[in-house]
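Two complexes come next, and they have one chain in common, subunit A, joined by subunit B in the first and subunit C in the second.
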Partner chain A sequence: MTTAKDKYQKVAYYPGCALEGTAHSYNRSTQEVGKALGLDLVEVKNWNCCGAMEVKNIDPKLQTYLSSRVMAIAATEMKMDVVMAPCNGCYHNLKKAEYDLAHDPTSVEVVDRLSQKAGHATYEAGQVETIHALDWIMHGIGEDGLKQRLKGSLQGLKVANYYGCMYTRPRHIFPEKDKGPGTESTSKPHYMDDLLGAAGAVNVEFPLKTACCGGAHTLSDSDMSTKLVLNILRAAEAAGAEVIATECPTCHSGLEMHQVRAEKKFGQPTKVKILYFTQLLGLALGLSPRQVGVHENISDSLGFLREKGIA
Partner chain B sequence: MRPLADIEQRLDALEAGGSGPDAAVALVELGEAVLEHWVHARDLVPTQETREGFRLLALHRQGCTDDPSFNACRETCRELAYHHNLVTSDPLHPATAQRLTMMTLVARHLFLFVTGKMQVAALGDFCCASRPIRQQVEPQQTG
Partner chain C sequence: MPIHEQSLIRPENLTTHDQLVVDGVDVSGHWSTFIQSRVVTDYNEAMQDEIAALPGGENVHRCWQCGSCTNSCTVNAINPEFNPRHWIYLVRIGMESEILRDKDIIWQCVSCNKCTYACPRDVVPEGVMKALSHWLELKGHVKPSPSMVFDEVFSEQVFQHGKIEEGRVMQRFFKRTGQSLNQPWLIEMMRRMLRHLPVGMLTKLGLATLVAPRTSGWSGARAAIEEYVHEQEHKRRRALGLDALIEAAKRDAGPVTAGEGARS
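Let's turn to the complex of A and B:
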């Protein structure tokens, strides 16, 4: 029987739009960590937008189709059975499409019609398994495997792990979660805590780990986004965190941008650093700050990481 | 219902100087008051029932009616209840002050999330005045 560990050694990689733009450091660090861990990523050919929030708000079925096309290419053209999406939005949308195509005949009909019109094979539920970068490393390598490959350590760095709202919600589209020991929890996710803990970090108690970052308000009401982010930053600092580790490009860029805005607009500075969990893992694996794209983040963490002996 | 501005002022006051089990109880009540606004704006009567011993959790469940996206604050509500239990069950614990600080930030997040969501949904305090006008205009447009 093929285990998750076997299946995750080589997966189809769906970076999504954000990782080619504002979250390029997440893209870079994910690929570098994969190389350092000996895990293969094969980018999905000619991938498209997952439908994100914009298309979903206009026509949810069109979003289902767009996500299904990515999975169809991975399954039929690339003969892959696992798609890994590091972006919470992409991950969520592909999981939602998978659920809809397994349970909603209308979605099946729409996806089939649009796929025929576009001239590619129709995706059928169950052809691929969509996973997040956290699943990929947790099940492809695991905490013990990670420890064996470390060339450095996070040196007791105090980390607040921030998962955002889309990694675990709605629960019904993540049937593999909440299955007991070893599986991810939708109410108290812990994979990022576990992996960074294995790399030498100290995870602080952080009650807002799945709270809203205000990403949806960024354009319509920037002040509300700033206040939500500021509250997250203050909670992390109150919990004793030196760094907030992220695994969602929308959350990450929101935290970084509104940290700056909170100081400029509301006179409320915060010192906590914001880094992708893949950047932290990469540093513990002996990669350089440049290899994991620390220089591509908005906030400058390099001096801090050097001071801590991590970079 | 307690006005949202009052709720925010009370949160500020508790952040500045709340202490002990009374503050924990007050923070849960503020959370309930925030959720009442959301429920009321959706033309429902805020429930008086409790869930797992908390009206806060019952109100959250009621607030999810026909809007599963409201589950995005489920854990925020549960963290508020959890911290309430920590503080009230062992008020002399050395971490009580820290727990209250964290609880205040959690309560504020609930406040910000719900008020933001009300703005997006064009409900409640932010547009009640315009709702009758829209209700008069919309049938003519669709007719």
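Let's turn to the complex of A and C:
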């Protein structure tokens, strides 16, 4: 039997739109960390957007179709078994499509009809396994494996781990979670805590791990998003965190953008730094701040990381 | 878990007389407070079916009013008027007029799915909020909310090209909602973003706003999606009886001849 460890050595990589744009540093740090850990990523050929949260509001089945096309290409054109997505939105949508195609005949019918017209193979549930970047490192390398490969340390950096909404909700699309020790929890996720902890960080007790940043209305109802983000930033600071670690481009840019907005528009400054967990892992693996794109973040943390002796 | 209550007694239906003597008894002030009776006759008995016909609303009939959705709701914590449990109740009994009182805040649901996580009946309240927002718009009760405009701008790009480029989506959204890009916080954000970005990256971002990134060989998918979108729109309009309404309105307006406006 092949274990997750074997299976995750080489996976299809679905970066998604955000990682090609504003979240370039997440893309870059994910690939660099993969390299440093000896894990292979093969980008999904000619991929399309999964539909994010927006297409679902126009029509949920179209989103299922868009996500299924990505999985179909990975399965049939690339013969891959695993698709890894670092974006919560992409990860969520592929999981949701997987669930719908396994349980809802109408979705199967619509996806088949659209795929045939579009001229590519129809995705069938079970052809690939979709995982998040956190699963990829957690199960492909593990905490012990990570420790063996460390070249530096996060030096007791106090981190609040922020997972957002789409990584755990709704629960039914993540059948592998909540299965006891070793598996991820939907109420209190911990993979990011575990990995950063192994790299030398101190994880603070952070109650808003899965709170919502209002990303859906980041532009259409900005004041609401700013309030929600400010809540998260304040809670992290109150818990003693110096850094908020993120694992999704939308959550990350939401926090960065509304941290600025809270300060500029409402005169409510916060100091906590915002970094992708892959950037932090990369630094502990001996990569340079430039290699993991620290300079590309809006939240300016270079000076702080130097002071701490991490960068 | 508490059921988040929503009083059905409105302040304007409470009457109190400052000076009132009834049968020789002085009941001035709060002693004379009474609730004016209210008879509701304008139920929309089809409302639950109409919501169930829209994507996301399919399970609305399952709700048993436990209140877990409102209790866990992200937006409710900020605005107590935002009450999914209450709206689902109104949908189920068909109190359309009562729902309309909240028509301008229903779209504010941030799709965090905390309600879906908490709901013991698999109602998917998040979906119901989307269906309800959609319904308000289709029935002409509200103009498309900023959020719906955003969904449209975004989806148009995905359907067209297979991929999106955030800068483009943002620009179009600001344009369509008539907002200025010249806002201090936006400028500050750009400034911070530009501070360290390598020149190559900047050119790439700049180019992306001019030349949209695309998925090659997308035309087949585009055609398939467009056809599907039309078909679904038609279905929804029929479920809400909108085409019949429009036909009836046209008939009432009488024949329209060229050179003459619809209104006289």
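Throughout what follows, the second predicted complex is superposed on the first by the 311 of 311 C-alpha atoms of A that agree within 3 Å, B and C clash if a C-alpha of one lies under 4 Å from a C-alpha of the other, contacts with A are read in each partner's own complex, and residues count from 1 in each chain.
The definition used in the following text is that a residue touches a chain if its C-beta (ideal position, glycine included) is under 8 Å from a C-beta of that chain, and two chains touch if they have at least 3 such contacts.
If you're wondering where the values come from, they're calculated on a predicted model, not measured in any experiment.
Clashing of subunit B with subunit C is the outcome of superposition onto subunit A. A count of residues in subunit A touched by subunit B and by subunit C gives the higher number to C.
By the document's definition of touching, of the two partners only subunit B reaches A:L208; subunit C does not. Within the superposed three-chain model, A:H217 lies in touch with subunit B and with subunit C [touch as defined at top].
Shared-chain residue A:G51: touches subunit C; no touch with subunit B.
Once chain A of one complex is fitted onto chain A of the other, the partner contacts of A:D300 are limited to subunit C, with no touch recorded for subunit B. Shared-chain residue A:D59: touches subunit C; no touch with subunit B. When the shared chain is aligned, subunit B comes close enough to touch A:I232, but subunit C does not. With both structures placed on the common chain, the touch criterion links A:C165 to subunit B and to subunit C. In the superposed model, A:L114 makes contact with subunit C only, not with subunit B.
Residue contacts after overlaying the shared chain place A:K265 against subunit C, while subunit B stays out of touching range.
Of 76-84, 148-156, 184-192 or 202-210, the segment of subunit C whose C-alpha atoms clash with subunit B in the superposed model is 76-84. On subunit A, the patch touched by subunit B and the patch touched by subunit C overlap at residues 165, 169-170, 211-212, 214, 216-217, 220-221, 224, 227-228. Residues of subunit C touching subunit A in their complex: 55-56, 74-75, 78, 108-114, 116-117, 124, 130, 134, 145-152, 154-155, 158, 162-167, 170, 173-174, 177, 184-185, 188-189, 192-193, 195-197, 201, 205, 208, 213, 215-218, 220-221, 223-225, 227-229, 232.
The part of subunit A that touches subunit B in the complex is made up of residues 165, 169-170, 187-188, 205, 207-212, 214, 216-217, 220-221, 224, 227-228, 231-232, 234-235, 238-239. By the touch criterion given at the top, residues 68, 71-76, 78-79, 82-83, 98, 101-102, 105-106, 108-109, 112-113, 115-116, 119-120 of subunit B touch subunit A in their complex. Across the complex, subunit C is touched by residues 17-18, 20-22, 24, 46-49, 51-62, 65-66, 69, 110, 113-114, 117-120, 165-166, 168-171, 186, 211-212, 214-217, 219-221, 224-225, 227-228, 256-257, 260-261, 264-265, 295-296, 298, 300 of subunit A.
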